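Labels for the chains are A, B, C, D, E and F, by order of writing; each one numbers its residues from 1.
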Amino acid sequence: MKPEGLKLINEEGLRVDGRKPDELRPVVMEVGVLKNADGSAYVQQGNTKVIAAVYGPREIHPKHLTLPDRAILRTRYHMVPYSTDERKSPAPTRREIELSKVIREALESVIFVELYPRTTIDVFIEVIQADAGTRTAGIMAASLALADAGIPMRDLVAAVAVGKVDGQLVLDINQLEDEYGEADMPIAMMPSLGKIVLLQLNGVLTEEEFKQALQLAKKGIMKLYEYEQQALRKKYVEIKPEEV
Amino acid sequence: MSITPTNLRIVSTLKKHSMASLIEKGLRIDGRKLNEYREITIIPNYIAKAEGSAYVKVGGTVVIAGLKVGVGTPFPDTPNDGVITVNAEFVPFASPTFEPGPPDENAIELARVIDRSIRELRVVDLSKLAIIPGEKVYILWLDIYVFDHDGNLLDSSMLAAMTTLLTAKIPKAVVKEEKNVELNKEEKIPLPINNKVVTVTVGKVNNKLIIDPTVDEEQILECKLAVSISEDGRIAGMQKMSTGVFTEDEVLEAVKLAKEASKTLFAKINEALSKVQ
Amino acid sequence: MKPEGLKLINEEGLRVDGRKPDELRPVVMEVGVLKNADGSAYVQQGNTKVIAAVYGPREIHPKHLTLPDRAILRTRYHMVPYSTDERKSPAPTRREIELSKVIREALESVIFVELYPRTTIDVFIEVIQADAGTRTAGIMAASLALADAGIPMRDLVAAVAVGKVDGQLVLDINQLEDEYGEADMPIAMMPSLGKIVLLQLNGVLTEEEFKQALQLAKKGIMKLYEYEQQALRKKYVEIKPEEV
Amino acid sequence: MSITPTNLRIVSTLKKHSMASLIEKGLRIDGRKLNEYREITIIPNYIAKAEGSAYVKVGGTVVIAGLKVGVGTPFPDTPNDGVITVNAEFVPFASPTFEPGPPDENAIELARVIDRSIRELRVVDLSKLAIIPGEKVYILWLDIYVFDHDGNLLDSSMLAAMTTLLTAKIPKAVVKEEKNVELNKEEKIPLPINNKVVTVTVGKVNNKLIIDPTVDEEQILECKLAVSISEDGRIAGMQKMSTGVFTEDEVLEAVKLAKEASKTLFAKINEALSKVQ
Amino acid sequence: MSITPTNLRIVSTLKKHSMASLIEKGLRIDGRKLNEYREITIIPNYIAKAEGSAYVKVGGTVVIAGLKVGVGTPFPDTPNDGVITVNAEFVPFASPTFEPGPPDENAIELARVIDRSIRELRVVDLSKLAIIPGEKVYILWLDIYVFDHDGNLLDSSMLAAMTTLLTAKIPKAVVKEEKNVELNKEEKIPLPINNKVVTVTVGKVNNKLIIDPTVDEEQILECKLAVSISEDGRIAGMQKMSTGVFTEDEVLEAVKLAKEASKTLFAKINEALSKVQ
Amino acid sequence: MKPEGLKLINEEGLRVDGRKPDELRPVVMEVGVLKNADGSAYVQQGNTKVIAAVYGPREIHPKHLTLPDRAILRTRYHMVPYSTDERKSPAPTRREIELSKVIREALESVIFVELYPRTTIDVFIEVIQADAGTRTAGIMAASLALADAGIPMRDLVAAVAVGKVDGQLVLDINQLEDEYGEADMPIAMMPSLGKIVLLQLNGVLTEEEFKQALQLAKKGIMKLYEYEQQALRKKYVEIKPEEV
């Protein structure tokens, strides 16, 4: 239940954190942040902080769990217990199991898995602070970590959630907007190929709203794609984005 | 950890090719159109012991949903609302590819997609299911079991879930001394329902979109998008539920297709309801 | 505790559901009810409804779990959450683990397992509505499903529970009789061979009562065996039995 | 899921043959008669910390049972009764064929057979174990551990369970303010007991029936039937606990055999009790 | 069941030899002295959402600890004390040798060693964390996650744990009607701290003792002893954490080494604190 | 919290059970107490009672869990539910997992594991009554059981816990001293080789106290080592020790 009097869009059309409806949160991206992993990246969007690590392609036992014509992917999306308002049990929740699946399926379409038969590529995402958009930040971190590990991909993956709050579509929702908004639509794309690899909608939209939401998301994704490319070049970017 | 599945159903390459090339021509191997459902059977109140239930058959896929009711404490953040829990299990009973053990990621995803569509549309009016506000509320368990897997489990399961909710009768709660609550099984009341929802799963094969894939057709899908539609035609949830990619146009087309197909499903539900009431 | 005043046998000697002491409940049997399973059957006894599915003989991994001179059997007896008065957790209870074992052991003696070395035969029983006699209905459904799958057996298995209620032996007890009776004795046989494959007694009987209970059970079993044979011939039977 | 066991104890074919042919002649490889128990040792109060306990040795089989007591809430359908839980574990300690992990189906079956016999005969008078009726009752945990497995675990375990219950002394419950209950470990009372029960497991080899099989003899049994007998000679539970088949006559003979053999077991229990009291 | 690990990190024999022979000469492959820590970075309040947190980097090892606070019931034997739980996880994220699943024995041991040192020294004054004595107390969860494993996880984790506790601010508890307790997130108070502790792990290679081994050096250690030291130089816990043997003299030398090295660690903690306050 | 008025050392310098500070509890040791296990032993120290069983060296499946150049060890330290004041759940606690590990690591240094490549040696310890010192009694029972199984070892293992109670160091603490004392230091050695194989300290000691505690422990260990050797010769010893 939305607390009485809470306005998610004020009279000037601004959001609770002062952003315009089509404005991304500040972004930090860093590549190669871990020593052990074959590839790694840190992504911060607003107050959401995520680290991804990639191991592989590597062998696994027993062999009958592999595939003869491609690499398999193993993906874990996980929130550490202190990342949330109330302490989260370390055991995987049903939500984490679902998100691990949709993220794995998104990445399966991006990686040239057929180059590494009989191996596994392991993608681990740890959310260390959660403030909405953890799956989209997570898949971007994973994409940067895969690039860092030198694993061939069709394109990077950029991702953002569009929300509907107080009747209005907004880009890159934060936790308050997620909790009290009417819809949350996370979407991930291979931007230069124009392909959608992840799409979920939690909430209710008309067909027209959905169309607009897609457009808004795409704008945000193109911006985030730029930042990702910068991050890969410079290993580190810190951006306070303007509206897209 | 989510792992690329390796125990997929085996379909012969020949059959795969013929299914795919037919679809390219707008045809299906079982004679259906691309946007056509298989035969649908809905039997409400299939399990007399459950407070609500429905047997749903879509082609060869069989799902039985059942609702059980109890009394419990509300969630702290919604003290005046009843609680509904959706659970799905893919038992090894139903398919050579299902394995024993706790619910796998596919069953969990299916249950959560159904749960979200029901919750976001406020299909069940949970605010009417408080017994002693802040302390005791109705707890609803909606359990979905797949008994025969011939493809398109989500649409079938949502039909079973929705029919179960629409036909459920729950025992009246009686508050006794010291705030003890008893459920009076002699006096039953219908579940308070606000809205109806169905899910239409759209698959892509060689840039053609189809609905209601069989389990064999599922082996040739490049990509799958589930779209939940409310009876008034709004989108009440979406989930890309597979590997593969969609273009923006394909997604918009899938939504249109789902909206259109949802009418068939609502008609089937309403037909089943009319026989009950 | 039996509710005060509850009489399980009335003055006319009839039971709570109007049956005579030696009368079976109405029976429905249907063979071949599922598409995926190699064999399947539905059995309804009174308000108890059970479905069985059989897969196999088939291979399993890893190979060291098989036996070189026979098929192994894997059997699961399970009640779905909505089958009972109070919702049952989907996880297997200790009761379900025990019943899976006694049913497996019963079927091991019936199937010619030595014909299929290094394979597994999987028998799954799902109780969709429970009103006493779920294990006996379950083992009959399993037996029909095995026949439907074409797996060679020494005989069919027919089964029934005899109870003692208000001091009297009764055939094919229902839930109320099970809850408030003094004894419950489920028994399964290969009827034409006169062999007992499952036998349990929950409750207290004298030696003489036990003897009579065995006789009563056998009569019921011979009747049920007839219905099973009919079901296999016609794929479907629906019977309102007279006393045996 | 129950699975045909594949890690059976290995006994040489020669030994199997000689055991079987001896039994055919009415003899046992260890010199016993077919209807004779091995040497039985019962030591009550073996574990001073437990509220009750017994060490039982039957031939080479060693079982130790222990009872612990707590305070808890009754089951809703028996608000005025205490609660007893029987648990058994076959630890890898006890046999090369036992594996680590949660209790397997054999341990669960054994515990449930014991539990049912105790419950159906009302061995423990649970109605005397309410502390505040409907709210607080004694909770009894009867844990059975097998330490050395030389066959016939059920009869041995039931002996240990029964002796434990008969010799247990539980702390007196004291109701404090606000319905808090404390167990006073200084003042102990015997457990209220109504009845006694033992279990006799009968095995079949080449149409001969034997009792108290050793672990090696268990490898040649075609079939096994456990029969619980009350001290007044009634049948208080039965369980066919193996593959294989019985004829009706064999079952009736097994019951007679069990009834006869139960006298030995009750004598052993009573002898052990007499030394305690 | 604890099992000899078989999936050890692979280090080349050549590297092992050169590490070992350097240590024999009092040198380390990375240029350190035997009794020298790698570079240490401590960032308190790394996770704004947690009530306390610290990022700790020791050489290539990265650990982040976080504290979350709730309200619960005290343990029956300490009714007037708050409750602290220490949990550690070695996620597969952090090392090619870590496997998915519930915490393994190494993570459990590490958490328990940290927990005991904190508890025995009364580092957190739990007696000040009762809210309604005997009924409601603060519950503290201290979660330690390893993100990059380059050796010496225990010392790094203890640094993170200690810094987290020292810098934590917990919401003030407000007692409402009917003994309901609310945590007021607007008003925060520091955690009541009595003492400080660090752990120094000492390794043995060819009779030489070293501190702060890298993950490669850990492959050549014969033996490892963890020594917890309080800020006033007392021993606040010990744990031999490996196979291998120590002589009495080696243990005494290890304690001296640990006591000396602890000063570096306390200096690092105090430096980090000074920047916060 | 120590109950008010509880004195762990009385005016005469004696402990709650009448022992002097450097006095061991009475000891019973018996070797070869089980039929199935390859080696077994029973150890009683005061009211603590422990049984150990050893199986192996033996093969395990799957083979990739073994090592090519040595035996692996599998060790389980477990308390039965009725061994403690409050019933302990049969599932392994975190404490039992930790103790299984430290005991395994202690034994790995004692056994000539390199003599049995590709096998496992299984050491199981069941605590049947717990009154402090269960891990030290357990490791002694394990050591005797290994000797009974004929597995070559560098030396026996003897073990004892030194505690600090009411400010004084005491040998072989009992449960009351463990609960209300200031420190508990279990230690295990190969006595004739002077090697420490297990060492833990739970509590706070000065460096000087620690030194003294080590000396005290060593004296106790040498005594217990004697008893172990007697037990192996005679299969059974029962000793009421004097101060060491």
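Operating definition for what follows: contacts are C-beta pairs under 8 Å (C-beta built on N, C-alpha and C of every residue); 3 or more make two chains touch, one makes a residue touch a chain.
Everything numeric here is computed off the predicted structure, so don't read it as measured data.
Looking at chain B and chain D, the chains that touch each of them are C. Distance from the centre of chain F peaks at B, each centre being the average of the chain's Cα atoms.
Seen from the Cα centre of chain E, the chain whose own Cα centre is farthest off is C.
Averaging Cα coordinates per chain places chain A and chain B 27 Å apart. Chain E has its Cα centroid 57 Å from the Cα centroid of chain C.
Centre-to-centre spacing of chain D and chain E amounts to 47 Å, using the average Cα coordinate of each chain.
The multi-chain contact residues of chain C, meaning those touching 2 or more other chains, are 62, 64, 76.
Across the assembly, chain E contributes 1, 100 as residues in contact with two or more other chains. Contact residues on chain C toward chain B in their complex (touch as defined above): 34-37, 47, 49, 51, 53, 55, 58, 76, 78, 80-87, 90-91, 122, 124, 126, 128-131. By the touch rule above, chain E contacts chain F in their complex via residues 1-4, 6, 77-78, 105-106, 108-109, 111-112, 116, 120-121, 225, 230, 233-248, 251-252, 255-256, 259.
Within the complex formed with chain C, the residues of chain B that make contact are 47-50, 53, 60, 62, 64, 66-68, 70, 87, 89, 91-96, 100, 102-103, 141, 143, 145, 147-150.
Of all residues in chain C, those touching chain D in their complex are 1, 64-67, 72-76, 94-95, 97-98, 100-106, 108-109, 183, 185, 190, 193-207, 210-211, 214, 218.
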